[in-house]
Structure formats: C-alpha cells, structure tokens
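In the part that follows, the structures are each spelled out as structure tokens.
Common to both upcoming complexes is subunit A, partnered first by subunit B, then by subunit C.
Then we have the complex of A and B:
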C-alpha cells in the first residue's frame, strides 16, 4: 500500500500559524534581539565594475560604537553589489555614520550592462541541422518566426536575507530565514565547530522563491563576527542589497521559428535560447523547452540550441520554476501566433499539440470558467478599451526526497509532530498538523505541528516544490508508529493482543470495549510516547503537476495600460491536504507571474553599470489594485496519488496567458517582458492601429 | 547607509506661527516637516543629509484647516490629502483636487501627507500640482519680514527649484472659484494602478471661452501649454490641438518612461480632454 493514498484528507481550515503571523507574534530572524547583540553590514561596490579609489577607514573606525571596519582596496568588483568590505558596530545608526565617514570613492571601469549589445542572432547550426529546419519549415502550412525577450527579475522576498549567530565557544545558536534548515548547518565551517554543535532556528521565513539556500555572505559575516567578538551578531541585508546581490531570474533572448500543418499540428523548426546571466552561472537558463523529459508540447522535429550572455550583474539563483516562465512566455506566444495564422482557435491549437490528456481536460474547464466564448476575433475591436482572452499551459515534474518526522503522543492527549523542513510561507506547519490530525482522526486543536529547527528530523530544502510531497508521508509514518505504541498500551490494559485492538476517529475498540482517545492516553505510565517515521524514495506517488491558466485583460489603447481582469488557474496537484494553502500558493504564483508579465524589471545604467532601481519605488511589483480576481481550480481525479508540487507550476504560464490575451485584444503582439504601456503602445503603432 | 542616525537631526517644534518663522529665519538649513511622508522615507533610506528639522504639527490649529474666504478656497499648510478629499466645498467645486488627492500614494500617505508638502518638494511628477495650475492657485509665503503671494505657476523656477526663500514657510494655498459651468478633466498615467509615480499626469479646466491645461512628469517642472490652450480657445479641432501640443512639449526619457511614450500619451489624453469637456458634449 502506498502511503500517499492515505493522506487524502482535503480540508478547508485556515492556516495554523495565521494568528501568529497576523498578530506579529511569529518571530523571524530579523525579530531576534539576543542580549549584547552587535550588527554587521557588508559594504558594496555601486557600479558595474571597478575598484575602490579611496576610503577613510580610520575615520569610520573613529565613529562611536564602531567595532570594526574593513575595506578591501585591492578588490576588483565585477558587478553592482560586489562586496568590498564590512562594518561591525554596536548599533545600526553607528554603521550608517561609519559608512558616511568612510567617504568611499570609486573608480568605475567599463561593464557589460546591455544584453543586446552582445546578441548577434540565433546560434549557428551545422549544415545538416539547418537543412532539417529548412525542410520542416518548407513543408509547413504556416510558419512563425520571431525573437522574444524577457527581463531580469529579482526574487524580492518580503523578508530580506539575514542571520543572527550567537557563538558560545563550542556551540552556536543560529536564527536564519533559509529555504533549507539543514543547509544552515554550514555555519559550522566559519565557526570552526562541528555541525552537530550548531542549533538552527529557522521557524519563520518571509519568502525565498529559490534565493535562500546556504548561509550566504551575510551569514558568514555574522558567524565570523560572533566568533571574534564573542557576542551575538546580526546581519540583515537591506532592500538595495536584496535587489543587487541576493538572487535573480536570468533574462532571455529567444529566437523561435516553428511551422505547423493545415491541421494545426506543429511540425517542428528551431528554438534558440540565450540566457542573460550575471556573474557566474546558475538559476536555470531557458533550457527547459529543449528538455523532452518535460513533455509540455509535441513540437515535432526541432533543433534546440542555447547559450549565455554574461552581464556585470550578480549571480542568478534558482527562481520559482527556473527557466520556465521565460521559455513558456515565448513558446506559448509563438504557438498562439501559429494558431492565428492558421485560423485555429488557441484552445483547439493546444488540444492538438499538448501531449498531456490531463491538460486537454483542463483546457475545457478553464475555457468555460473564463468565458472563452466571449473572446472576439483577434484585432477585431475598435474601442478605446479592448478586451482580450489568452491561454497558456505548463507542467511540473516531481522529485522524490527522503524526509524524517517525529511524533509525540502526550499523556494529556495532545499530539506534537516535528519535521525539520522549513515553512517558507507555503504552509508546512499546516500540512504537518493536518496530516497528523487526519491520520489520528482527531480534532486539529489537539495537534501541534512544528517545523524549521535543525534539532528535528531532517528533510529536504524548499527547492523543486518537494517539501509537502516529502513531509506528508513522513508525518503519516511517524504518527502511525506512535499510534501503534499507544495501541499496545490499550491492548495491555484490556489484556488483548494489539492486533485485536482497533482504532478509528479517536476511539479504540476491542470486542465490546471502547476507549476514547484522552482516556487511552491517560493509561501511559510516562508523560509521552515518541516515535519516528521516514519517507523513503518511491513512496510519494506518481504523476506530474499539469496546469493551464486563462487570462482576461483590458487594454487601454490611449495609454497602453493593461488591466488584468481575471485569471482562471486550473492545476493538478495530486492529493489535496489543505485546500486553503494550495489555493494560496496558486494565487501567489499567479500574482508573481502577473508582476513579471507587466511590471518587474532590473534596469542597469548603460554608462556606469549601476542598477538604477534597487528599491520598490522604481522596481515595481504588482500592487493590490493590479491584482485581478483569481480563480484557482484544483483538478483532482479519482486515483491521483501523492502530494504533488504546486509552488512552481503556479507561476509558469501566467505571463504567457496575459501576453496572449493582450495580443487578442489589440491585434498586435508584445514579444518582450515586461509588457509595459510603452511597449503596448509601440506594438499598436507598428500595427498602424493606434488611436 | 542602512539607517540614519536620529541624533544628527536636531528637531525644533514651534508652538506658534511667529515662533516657526523666527526659527526658520534663525536656523540655517532648517527643514520643515508636516506629514513627513517624503522626508521620513529619505531618512529611513539614509538619503537625508543630516540637518535641523522643524516639525510643524503644533501649528495645526492655525494652518490645519480648509476654509472659504471671499469666494476663494483656502487650504492651510497642514491640510492633508484626506482633508482635501473629504471637504464638501472641494468635492463640490474642485473635482480635480479630489481626484489628484485620491491618486496620491496610499490611504496612510493621504492621512499624513499635505497638499503643501506636495507643492514644496518641487517634484515635476507631483500629482496635485497640475490641478493647482489648472485652477490658478496662489501660494502664500510668510517670513519674519512679512507676507507675499505667488501664483503657483510662477512658484517653480527649474527642476526641483522654487522661489521659496530660506526664511519662508508656505502658510496656505488660495484657489479662486472655477468659472461657472467649467468642465474638469484629470488623468494620471502611472506604472501600475496605484502608488506609482506618474509617467504623465494632466489636469484641465475648460470654461465657456477659456482653457487651462497643466501637465506633470513631462518636463523639469509642472507646466502649462499656452499655445495649445490658445488654439483650443480659438476653436482649433482635435488634430490641430494635438499638433500644437507637440510643438510646445518636449518630454525626456527617464526611468519611468520614454519621450515618445509621454508625447504620444499626452496627445491621446488631449483628445480625451477635448471629447470629455466639449461644450456640446
């Protein structure tokens, strides 16, 4: 029997930690103020490349409250935000004063800040490959050829990266906000102690989106300074640092030439994906289209090439479905253009070309809910404000990871479950609590799920949307093991064999005897029973997380402003545990996708290489008024197994669906993200249909 | 810098207008604060150079209100956006001000921020200033030397530069009544639906034989377009008016938008203005 089938317990209860968070009682790393704490701050180079020309470190050291100032004059900075030193002080104000007193001056050298200056078209194909592309396009009834561009996006976590380290000589307490509780044990290295001597409290994490693995430069500084000064040290990045050097989604330039037959079937062509990455690699390119494991489309016979353009910008980090939103924006746009040329409805076009039968069904659900029959032919509207509808789809594969859990049943009847994995806002607290409550048939108020500490059993980091998938079966196993122990106690009391004692819904039964949960627990001689459980790879169930999203937009042709009116997001997520947390994840993914589609954009000064918008005044996230009605639909089928990923797929198709809806509204396509009013108006102008 | 050191911003809290003016005359670089919605943001971001600060909050009894005087509307220096939005006379006669106050910042900002603060910081993207231009508002300036009144259209001398002298404080804004039957038009075009600095903002008032148009975010200061106004007043059609606008407006590229976009959208908004305020419409 697979464990996954036993967590089918869909409920609609609110998050168990909702009140803590709303009331401000949840303590994040930045809320930690151990006695005698000192503060550290990294100093950063502001421009694309260069060196520190001059600095008055002595003046900075002379500022009252300053403990330490280090400025590396020999360092050659290679991107804006490059670390050139640090300041440690008794309080934050002293750091500010010291930074001013240091009077840093810089020599900026030339930096690569404009991707298009390095782009010279799609990479070369060998003669045979080129011939294959020419052949397939030659026999196509319709061909789309174009170049799509996507921007660099930063993770913009609500809680900036940061750590508090309190070194005690032979052990240390660490308060972090990591996507991987156990990666924070890497603190052992700068502290020079054993990993087992590091205690990590990573209970509350204000978002990560892929950017918060490992200890980071901030954690390393906090560790070094705590060790050196024998006091707790806090290093929190500020918003500027967060944009500059705490992760980003690489941009892209994607050349696509695809052909299709009269019947709409895509025959093939070529896709060339160029990732615009900063210093160093990582973060996922636009490689996933070419990876046939991922099974999004049947693209026929196509050539896939990829390369990178390096800018003087910080290293990318994994970002919620790395590589996917950019790739799907371009591909789904190209497929829409093919459909338009062939006179085939975009939903039908996807039925013809999506491999997944699941997604075929989802297309029907979404089309009905968005009101696809209201979709006017592309470019047929003439009013100032025009309405458009668009669709796009994606999928997300599953990864299976080992995970441990521990469960206590207390003499009082209370149950506590501990899993070391973190809750980065996704709802792990709730998941663990609800799985345990369901398994025991108890009211949730009797169960307390605890996560995010290194003293709890180990589990995966929050990457690849795998935590719920791994933590749910582990919790089930641990709770079952504890229940088995309690059953033995009841059996002993009743002088029966444990296998003759039944249990269901909080009541033990044996022959004519029954015993309610609390009374059974009271039979314990000690205070509690503790048992552990593990998820072994292969127990998580099968299936992928397929999805389609539909968008309805209004485009103001006077200003080019796009208002998204509605998004219908149809997602398969396997077995549903807590419906509210899943719907939250879907809505959150849609909001982040919408923000990516219309607003977010890292802007580098082409002259100095500085990021000109490292804040939230000019780096715009979607605001509450920009967020439309979002209709999350969970596509659950009889026989679905396993808790499946939802965090990442939820953000993949949104920008593509919005882009397709804009094209439908105005009869012109914006092939570049973000789809700003300027670009929409320019597209209208090019079409000759501007007002 | 992650945070400013409050110790380096000595704060003066005058209890009377007279005391405020004496401080302003006597303390070099004294920075007045009303709602603090601009200054405190800069402080928190470490962008405010240390300076003495003058909190005006105790002057609310004298400078806090909105009243009518001799047919004009008088908005005190400490009147907030929220005060403006909810004042019955403003709502009845000055719809552009209501709309401009509505689209400025968030409700929290509107509760703290003042209309005069929006004027005095000199931003060419200020959302309420075009409305004040369109209504022909006057700015009253006080100092220990006396009082003077300047038309808001003469208040700005360049990018973030004003005629305000070092010893002066703005006490109030005086706005004459709009012509009977005048039609009002206001539109803000921002990066997103709310809480975004404008790419283009326009306020217009069209009377029986007069037109006043004021634009924000398209030049170094808020500006009027007198040739376009004259063309419309003398009966030019929309195409002519739009062509005239292009001869007297020369916006710039910046982080929020492009010259081409600003000009194109200004022209589109001018058409919309003409349609919405057409005497026969």
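Then we have the complex of A and C:
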C-alpha cells in the first residue's frame, strides 16, 4: 500500500508540547535528579597540543565530596578540549574545587591553528584535465576565478550534551538528549549488559543539529561511574566543552574558476575544495559539489578535486546540511560574479542554469516578495548606507527510511501513538499527533503522540531530515490498523461484515446505522486495542526539497556593519502537516544561516592553540535585534508526495544570499565568512584601489 | 562556582565593616558572579550592597546631577532629568548588553566591571594582569584589544558609561571607611602602567557612592558601533560634550581607559562652529596618534566614524 499521499493535513495549531516547554514541565536529561545521584566531569587539555606537566591528584581527591580523580599524565593531547582525565563527586561544587586543587600545569607544544599556513593553492591536475579546464575557460565569454573561505562553526545547541545513567546490575535507565534514541542503546557496551536491558528516555532534546549521535565520551563516563559506584551518575558538558569538543562544521578554502557563454549558460571550469577539519575526519566537508546527485546547478564540464587541512582542533561532526552552506556560499557567489560580468540579472542567471524547474518558479515568487525590482545595479549606489539584494538556492534529496509505529485506541476514546523517533525541537510530537488526528478525523485533544523512548517501535535518527518523512506514514499505518480492529468490533455489534461498515470524521456508518467515536470505543471488551504499522525500507526516494532564498541588506560603508533587513525563503517541502512547525524550521534555518554569514567563528590562538572564545559573548550568535523579518513561503504543488525534508535545506542558501546582497550593495565582494565589518571595509578598500 | 560566604549590608557602614573583613562588593552581580563561576575572581566572601538605600536614586543638586551607584542602567536610560541635560549619558547605556541585564546592572558595577580581554577571562592564560609574565594579546588574537596606549596590558575599558562620563567631565564620589573624596572621571580610571591589577584608582576599602555630572553642559552625544546589535560590546564608541563652553572628545573601547582625544578636542574647540568638514577633521585628529596592534587597525575606521557622528549629533546636526 502506498500511503505517501495520504498524510496530508494542514493546520496552524500550536505545538502540542508548547506549554510543557514554556512552563518548564518538559524534563530534559539535565533536569533529571534521581536519588543518590553523583556527578562526573571530564578534564580537558586547554591548548592546541601537548601534555600534562604536573597535577596534584591527591589534593583533588582530598576535597570533601570527591569520589574519584583520574589524570592521565601520559596522554598526548592533540586539540584544545582533549580529554585528559575525569573527576567524580557528590556535587558540582566539589568538582570545581577538585579541579582547582589539582593545579594542572601543562606543557604546550606547537600546534596547527591557522589553516592558511598550510594552504598552497588548488590541488594539481594531470595534463589532460588541465587542458580540459583551459579549453572550457578559453571558450567562455566570461570567466570568474577566486578563492572563497568559510570558518569553523560550532553546533551551539541550547542544551549541552549530557546523560544520566542509572545502572541496576542487570539493566539500566538512561536519560539522554540524543538525535537518535536507539543509538543510546550503545550504553550497553560500557555497562556490560544486553542492549535490550537498556531503557532510554530521550523525550526532550534541546537541539542537536547533527552533533548528538551516539553516547559520546560524556555518556561513556556516566555509564562507567554508575556501574562502579552503583548510583545514578550525571555528566553534562559545559558551554566551553560544548564549543571545544562536541562537534563543528569544518571550515573551507574553495578555489573556483568558472566560465559561461554569452547566453549565461555555465560551460564549466574548475572547483577545488579544501576542508579545514580538526585532527580527524567527520561531518562532511565541501565534497557535495563533486557529487552529481547533489548538484545545485548544471555546471557543464568541470574538474573537481578535494583535500583536507588538519588543524589541532576537535573532529567535525555532521552539521545541518553537512558541506552544503560552505559549498553554496562559494558557488552562488561565483555564479553571481559571472552574471555581473555578463550583464545578466542574477535571477535570470539562475533561471538559465538551475537544473530544477521547481526552482525556476520559486525564483519568480521570491523576486516578487522581496521587491527585486528595487535592486539597483551593482556598485551604482554612492550614499553612506547602501541597500543590496541577493539570491541563492539549494536542494535536498529525499530518503525513505524504515520506521515503526504503534497505536492504541482506548475504551475511553483516547488514542495514543508511539514512534521511536525523537523530537530534537523540530516538532515531531506535533507531527505524530496531527497525522493520527487527521487520519481518524478526530479532534487533536483526543490524540496523544509520543516519541523518544527506546521501548517504542524503532525509527530513524534525526539526520538527513528524514524523521518526519518516515514517522508520518508509519503513524498512518498504525492508526489505520487500529481503526480496522475497532471497525471489526462495530461490525460485530451491528452483525455486519466489516467491509460494509464505513468510517469518516469520527462516525461509523452501516446501512442506516451510525455510531459516534466514543460510543464505538465503549463497545470494546478490554481496555484498549493496540496495532502497529511500519514503512518499508525505501531505496532512494523520488523528489527533492528545492528552495531559493532572497536577502535584502543594508551596508554602512563607513563602518562595514551589515544589517539584514529581510529574508524571503521559498521552500518546497512536500505535503504540509503543521504550518507552525514547518515555518519554524525555515525561520530557524535562516537565523542559523544568518548567524553563520555574519558572526559565528571559532577563533584559535595562533600561539597557544587555545580557543579564545569558547562562550557566547565572543563566539557571537545572532541575537533578536540582528534577526530581520523572515518570510517563509511554502511552495506546494499538486502531485507532491509525502512529507519532505525541511530542516537542512532551510539553512543552506542564507549565507550565500546575504553575501550576494552585500556585493550588490557595495560593488565589492566579500569572499570570506563571517562577513564582518573588517572584511566589508577591506573589500571596499580593494575596490577603491581599483584592483 | 566556588562556595562563598554571603553577607547583606544594610547601610554604608555595613559595607565598610564587611570590606574591612575581606569581603568583595556585589551590586547587580552581573560581572562578579560571572567571574566567580569562571573562578577568575578568587574571593570567598561576598557582600551584597543592593539593600543600601542611600546609594539608590538619581537627584539634582545646585550644580550637578548625582546618580547613586545602585541606579540601574535601565533607570539611567529612562531618567527624564538625565535625558534633558546629558542625553549622552543615557544613550551610553540605553542599548548596552540586553534589557534583562540593564534591569539589574548598576552604574557603580558598570564602571568597576573587569576587562573583557579573552585571555584575562580564560583560566588557562596567566597573563600580566593576573600576575603572569606576559600579555598574550601582543602576539595573539588582539582583534578587540586596544588601539591606543603603550601597554604593557592592552585591554579596552569595557564600560560605555565611562566614556560618556569622561566627556561630560563627570566625577566619581568615593568613600573609604572614614573619608569621602570626589575624583574626576579623568583621574578615576587608571592606565596599566599605574595600576596593573585594577582599572581604576579606588584604594582598598573604598567604594563608589555616586557619580556626578555638571549641569553646565552644552551639546553632548554618545555613539557606539557594534558588530551585533545586542549582547555585545562596541567595536568603538565616542562621546562628545561641551562643558562650561569647552568641547571634549573621548573615545571608548579603544584603550585601557576612556581615551581623551586631546588634539581632536582642541580642534573642535578652535573650530568656531560645527559642520561636516569640521566633524571629519576632528575625527581624523582623534585617531591620528593610534598605535594599533597586529589585528585591529581596521577598528580605527570605526573609532573615526563614531567620533565624526558624535560631533555632528552633539551639535544637533544630522549624520550624513
């Protein structure tokens, strides 16, 4: 049975868990205080590389309330945040006192903290490939050549990573904040018990953005200590640890040489992507440009190479559309420059070159809403404050993933649906509730959607924007199966065949008879009916989530300060379920993209290798006053199937659109993120100097 | 956070009794508690002064406006008396930090807050200011550090209010256990060669009772330029004020103290009128003697812009 088309339900009701969250009644892992709980903390090396020179572990152990102090003097640290030991204590104050008493002293050795010191240009091509590039650029009416740079960005989840583990000997309770409820079963390994003996409560998760899969070093410590001390143990990272060692989006240096014909059609060229990763791999670099499946554009004949620069920093982790925002910032910037050289309007340039017809239509919608006709020719303004408009687009592929669900219909008429996916702030509780309510034609108040526990049927982790797409049809299947069982009970009561009983909008019908939902439920002999449903494992699905975003900015040319005035975000996301949660995803993606475009930046000290801004004052996140009006537009077409990804595409084109708008305003391009006043002023200077 | 003893002072005498016993003063606590949580501040005794009524309020004397050290930034920003006479003072705090912080943070605490230098705020960098042997900013990331001054510490003073107060020729009323004194804003703040471990000239046992601004002020204006429009300190700021007929140009966020721009002030005093050309010349003069560090010369443009705008606004002109 194909159910994709059937989940349609569009509403504007507020999130089902809104009140719980606002009132503080939603309990996150950090809110758990089981009796007799102890606390663990990882000790970390502060600089780029080196070893612990000395430590007074005994003094630390002597602090009242301290249970255990381990400091590894043999460990060679390779990045700031590298784990060099741990402290376990009765309370958090004792941990701080013990850390101070330990008087850790370090030997810092030289560390790689500046990517540009390792960059020596685009990777080499063999003679034939080089010839192909020269040929295509030679044939081009216009060529753009440049190097784009993007910074390292940390996930900055509101809720830091952390776990509470309560080990009971042959089983354990785990409170986590994971993007994959079932990956928390990995706790079985450090606990030395069977996976089936681990019960995970992962109901409320304060953001993940790709950084919260698996149990992490913090979960492992909590498990080991709970087992050792036979008491519940909590380990929560603090903000500094969160920046240092809980995931990041790798930086990049991207060399692009692209040529286009007189008609604007891109003919091809050369793209070289260097990912600036920490001491190891992970989290997606700039590789997506080379992957045809992900192509934003028809780029013609181009040669692609990629490599990595390693810094003494922690490994990247998947970060909301891994690889994409960095690649799209560079590519959409280059395409804009080509358009400028050819005298073609940037919107037109994209109509000529975007593969997707869907995006051609979206360009029209967005241009109208942003007021594209107000856009002055690039570099034509002379006032101190100049306004600019920019556009960029992206797409996101669809995955069909295996997912199970269970539905109860109670004698009271209440319905409960359980899906073992998780709500990382995205609105999965709401989605499951709304899909079930719609399927049964019942008021939402009768339905309770539940997610985030390992005792529920298994579903995918929150990666690749696939949870909603999988959980919606699984819910539908489960609810339909339960309804079929209830229908049989009604049919029996009416002495009819189930096929002859109809159901619509909370009312059963059979011949001249009708029966309202609650009365039908009351016919059950037991307390409830339970049925399950699942979606099959899919191969690669059809369709994509296409989008374009438009930005309007104001640039103060005396100070280099950029204010974003408006973002119009036009997104196709398949069938719409709850408008509030989907618009929320779009706005959240735009805010994160804006923050990436203008502010966020991991700063490593060039000498000590320490991160100088592991907090939220100098690691700057866009705040309320920096966030402009955001206009989310949902592009829904007849024939759209299923719920489609939105979480990731929503953040991809924002930085590129803002970058293009800045260039339009000031007639000079900032090719490096974040686009700070310093860089905007430098771009203006370069222009002034006529280079 | 380290556990600390906590006392509550009911009057000024109570504050001094606590200080004599080694307590540290807590007003709004915005900065002090941060410093304690990070274990940068080492005190284990804290006395709250919030209950001391005599330190509250904003009042008028014959020739001054006097602002109690416990007036909050929000109260200062909204005070009609201040808005009428010294709008630059109100403007300096109106958009500082965030609404939540302004509702709690006090005038005294704002002037006495510790520097934001990220090496100073990091436990892992034992720099000059903390008794170490070098300044990490010199060879490190000094993007937000000083543009003026010889060092050896290169912080910028973190208080917006300090910049405005200095231009208005304000005074700080200070009290020790037995004596009160009034010190000009010019003398209240101290360069690192004079005071390495503090940013002002308060002696042990002294507290700020109030700040005073002369009523004989003419045009005055404060401008700051920020990367982010909230929850951020300025990249540069400027206050320009005419006091007793004399123009003062002061820059903020560019030096370890509010930086009196001598040549610029003189240029403005001699200009005999203010127009766009004068403002530009004064602004050029303000940044002429700068000694930027390896990564922050670009901020001179912002300092210049802040001065130019403040000059125009102080003269009641629009910013072009």
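List of remarks:
Criterion: the second predicted complex is superposed on the first by the 683 of 691 C-alpha atoms of A that agree within 3 Å, B and C clash if a C-alpha of one lies under 4 Å from a C-alpha of the other, contacts with A are read in each partner's own complex, and residues count from 1 in each chain.
Simple rule for what comes next: a contact is a pair of C-beta atoms (placed from the backbone, for glycine too) under 8 Å apart; a residue touches a chain by one contact, two chains touch by 3 or more.
Bear in mind the structure is a predicted one, so any value in this text is a computation, not a measurement.
Superposition of the two structures on subunit A shows subunit C clashing with subunit B. In the overlay built on the shared chain, the residue A:47 is in contact with subunit C alone; subunit B does not reach it.
Of the two partner chains, both subunit B and subunit C are touched by A:561.
Contacts of A:380 after superposition on the shared chain: neither subunit B nor subunit C is touched. Touch criterion met: A:95 reaches subunit B, while subunit C stays clear of it. Once chain A of one complex is fitted onto chain A of the other, the partner contacts of A:623 extend to both subunit B and subunit C. Contacts of A:606 after superposition: subunit C is touched, whereas subunit B is not reached. When the two complexes are laid over each other on chain A, subunit A has residues 93, 96-97, 100, 558-561, 563, 599, 603, 612-613, 617-618, 620, 622-626, 676-678, 681-682 in contact with both subunit B and subunit C.
Within the complex formed with subunit A, the subunit B residues making contact are 1-8, 45-46, 189, 191-197, 199, 255-258, 260-261, 264-265, 268-269, 271-272.
Looking at the complex, you find that subunit C touches subunit A at residues 1-3, 39, 98, 116, 118-119, 122-125, 136, 139-141, 143-144, 225-232, 235, 298-299, 301-302, 305, 308, 320. The touching residues of subunit A, counted against subunit C in their complex, run 46-47, 93, 96-97, 100, 384, 558-561, 563, 599, 603, 605-608, 610, 612-613, 616-618, 620, 622-626, 676-678, 681-682. Taken together, the subunit A residues at the contact with subunit B in this complex read 41, 92-97, 99-100, 238, 558-561, 563, 598-599, 603, 612-613, 615, 617-618, 620, 622-626, 676-678, 681-682, 685, 690-691.
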